[in-house]
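Dropping the structures in below, format is structure tokens.
Both complexes below contain subunit A, partnered by subunit B and then by subunit C.
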Partner chain A sequence: MNRLLVRAGGLYTTVQDTGRFGHYHMGMPPSGAMDIYSAVVANMLVGNADDAAVLEATYVGPKLEFTDDRLLAVTGADAPVTLNDEPVEPWTAVRVRPGDVLAFAMIRAGCRVYVAVSGGIDVPVYLDSRSTYTLTGMGGHEGRKLVDDETLQLAADGQATGSGGAVVPENLRPDLDCPAELRTVVGLCSYRLTEDALASFLGTEWKVTKDADRVGYRLRGGKLDFTEREQPFGAGSDPANVVDLGYPIGSIQVPGGDEPIVLLNDAVTGGGYATIGTVISVDRDRIAQAKTGESVRFRSVDLDTALAARRDRRERIEQVRQQLGR
Partner chain B sequence: MATIKAAMPGVFYRRPAPEKPAYVDDGDAISAGQTIALIEVMKTFNEVKADESGTVAAFLVEDGDEVDVGQDIVRLEG
Partner chain C sequence: MTDKIQLPPARYEYGGDEFVFVELDQAMSLEANFAGMAVTNALREEAIDGVVDICPSNASYMVQVDPDRIDPRDLVTELRRLEASVGTLPEDYVLKTRVVDVPVLFNDPWSHETLMRFRDRHQDPEATDLEYAARINGFDGMQGVIDAMTSAPWIVTMLGFVPGLPFCYQLVPRERQIQVPKYVRPRTDTPERTFGFGGAFAVVYPVRGAGGYQMFGMAPAPVFDLSQSLPDFAEDISFPKANDVLRYRAIDMAEFEATRAEVEAGTFRYRIREAEFEPAALLADPDAVNRELLEVLYR
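== the complex of A and B ==
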């Protein structure tokens, strides 16, 4: 009871909630689900609090065996899901029983799937969160990704008695189309780019390289020129260097001028590279579902647009809640 | 025609290290679960394992090429 058996860990499956906040100034990034919308909706489907801990699996999903009666929901990337080798629907609450085995086939679109189980994954809370930060080995399940043949604890209060069946309508599921358009607030150090370089940055279709993970996404596809300047005291000698600053989550830096890096949930919190823009928080859900080999584009928006997008997402989440009667 | 597909995107390698021989060559018999290549993604080198036994007819991807999820990487004989 209250256990989830990990038969296969998948490629990179971690325990994540909605993030670890309030410690950024200490150098602790938020971690948490990369695609927040999918994680929150998965929780809603199984009757959990929005910020309960779920599993986030990248590219190759895990194989999980249940030991008690639970509700289960899979959201995020589009991958065929099976329960005891029979297909089950994603974005749907599914009733599971002891001995049931959940498995995934190869993803068709998107990058990360989310698995919520009623009650939530019960790992110890570390600095106010159950999220895993693998770079330092903190939080989540022993600070690391899941491995084959181990056991996760589930919260005792998540035993299901009712049936599943609640489903998120198609129009409230995220868009996984490629190329993803990432709305971006230009700054804080965009003054370091020439005017042409900024236009070129916004006009280029950037390809996601193999170096794209929870820390950041390294992109390729263009070359950006920096303006001439006298190296300021405290800044490095690379034209992309500035005096150290705190990096916004979602900020874009361009070491060397040719490979922009979008910093994400597990990234370093500050340093000495010019950040030329910041992907708005809502569209971090989009980049989270862009996989290596796909393309992304950046579209310049102002702060009001970014805040409106955040309100829109909040409203969408409330729409789902109403639809599901949670 | 049976093939082995890439389960993840990334950069494809046929050998465990640059100076090492390839895991398998055309014409070799392979068994299910055997490592036949690597795919590098998210800063890790992930082993590609054969999902069924057979004989390698041809590799469809060159060493160092980028591969996508679901892309055929090996054609098996028969």
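== the complex of A and C ==
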């Protein structure tokens, strides 16, 4: 009872909620689900609070065995899901019983799936959050990704008695089309790039390299020139060097001019490379679903657009809530 | 005496919808750092709803907001008002802080092994990081750089990159500061507790991981302890605090090993002394303030 047996951990599966805030100033990123929309909707489907802890699985999902009666929902990337080898629908509340086994085949589109279980994954709360930050080994399940043959605790109050069946309509599921368009507020230290380089940055289809994880995505596909200047005191002599400063989550830096890095939920919080803009918060959901080898594009937007997109997402979440009667 | 640095007008930028980034100067100076301290202190006192985090940096600062609770533009209006009203720290402002002795084994075997693996990412693949730093800073050999770095204390002007990493700026006039570029391409590996240097900043890496700073040595004592088993970490997983004054002290292998043994036994404590100084006095005569701080530390 109240346990979830991890038969196989998958490639990189971690416990995440909506993040750990208020510690960025000492160098600790929020962590939390990379695709917030999918994580929140998964929670809604099983009747959890929006910020309950879920599993985030990258590329290859885990194999999980249930020990009691629960509701389960899988959202995010498009991957074939089975329960006891029978296909089950994603974006749907599914009733599970003791002994039921959930498994995934390879992802078809997107990059990260979210698994919510009624009650939520009950790992210890660390600094007000259950999110995993693997770099320092804190939070989540022992500060690390799941491994084969171990056990997760589920909250005792999540036992399900009713049936599943609640479904998120197609029009309220995210778009996983490629290339992902990432709306970006250009700025920060974008003055370091020449006008041509900035135009080229926005006009290029950038390819996601294999160095793409929860810390950030490294991209390739173009070469950007910096404006010439005498480097300011304390910055270092490379043209991409600035006096070390704070990096917003979603910010884009270009060390060497040819490898843009977009920082994400496990971001390094600061450093000495020039930042040229920030992907808007809503579109972090989108880049979280881009995988190695796929392309992304940046589109320059203003702050109004960024704030409107955020209101939009919030309205979509409320629409889901209404549809599900939660 | 150093010439007083006049800061340019602050530059306000939106880091998407969740961050406001304020650049006080493109160049590093204590003036810029103290100006950031003044305005972020004032902002913290206002306890504005929707402000999630306040992150002072070297010559800039950043504020994280919840845009569902506060429009970032309203925050910028408030920051401009604060900038105009508090300006920089008042002349008679007294900074209460800690002075800490931080032992470092320079030219150690572990960071040496790592730097040799990444020569292809370095400006000067034929030299070690310390030899390179000595050459471009006009010293005959690496001992000159080590002497310069250990002769005067440093102030923590920013925390970040990863939890607990202190960016330290030396309390000497610009013309006596060491400067080095960051690696041409960042390394994918840096040993835990590496003493690193980039731009004009010294750091100790809290955990193993990527890094772009030149590698000069190894600290025997941690700056980050998730298990909080050492007494200095009882309150917090990271040791350095903003405005701490750190004195990096060169040690030999015997002291390194002895200190490591204390850390392993859970008995190590940093040498810490409470101290205070006036930032205005420091800007006017850094050497005099340094002498006092070191006197307090080793009294």
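Keep in mind that, in the parts below, the second predicted complex is superposed on the first by the 326 of 326 C-alpha atoms of A that agree within 3 Å, B and C clash if a C-alpha of one lies under 4 Å from a C-alpha of the other, contacts with A are read in each partner's own complex, and residues count from 1 in each chain.
Going forward, contacts are C-beta pairs under 8 Å (C-beta built on N, C-alpha and C of every residue); 3 or more make two chains touch, one makes a residue touch a chain.
Nothing here was measured: the structure is a model prediction, and the numbers come from that model.
Colleague: Which partner chains sit in contact with A:210 here, subunit B, subunit C, both or neither? Use first/second/both/neither.
Modeller: After superposing on A, A:210 lies in contact with subunit B but is clear of subunit C.
Colleague: Which partner does A:234 contact after superposing on A: first (subunit B), second (subunit C), both, neither?
Modeller: second
Colleague: First (subunit B), second (subunit C), both or neither: which does A:49 touch?
Modeller: neither
Colleague: Output check: A:185 vs subunit B and subunit C. Expected answer is one of first, second, both, neither. What do you get?
Modeller: It touches subunit C, and subunit B stays clear.
Colleague: What is the contact status of A:243 with respect to subunit B (first) and subunit C (second): first, second, both, or neither?
Modeller: second
Colleague: Answer with first, second, both or neither: which of subunit B and subunit C does A:303 touch in the superposed model?
Modeller: Second partner only, subunit C.
Colleague: Now for A:60: first (subunit B), second (subunit C), both, or neither, which partner does it touch?
Modeller: First partner only.
Colleague: Is A:199 touching anything from subunit B or subunit C once the two structures are fitted on A? First, second, both or neither.
Modeller: A:199 sits against neither subunit B nor subunit C.
Colleague: Please determine whether it is subunit B or subunit C that touches the greater number of subunit A residues.
Modeller: Here the partner covering more residues of subunit A is C.
Colleague: Find the residues of subunit A that appear in the contact set with subunit B and again in the contact set with subunit C.
Modeller: Residues common to the subunit A contacts of subunit C and of subunit B do not exist here, since the sets are disjoint.
Colleague: Where on subunit B does subunit A make contact in their complex?
Modeller: 5, 7-11, 40-43, 46, 66-70
Colleague: Mind listing the subunit A positions that touch subunit B in their complex?
Modeller: Its residues touching subunit B are 11-12, 58-60, 106-108, 210-213, 291-293.
Colleague: Which stretch or stretches of subunit A touch subunit C in the complex?
Modeller: Interface residues on subunit A, with respect to subunit C: 21-28, 135-138, 143, 184-185, 187-189, 232-238, 241-246, 248-251, 255-256, 268-273, 275, 278-281, 303, 306-307, 309-310, 314.
Colleague: For a test of understanding, state which residues of subunit C touch subunit A in their complex under the given definition.
Modeller: Going by the criterion above, the answer is residues 13-19, 21, 23, 25-29, 52-62, 64, 67-68, 71-73, 158-165, 167, 169, 174, 177, 179-182, 184-186, 198-201, 206-207, 209, 212, 224, 226, 237-238.
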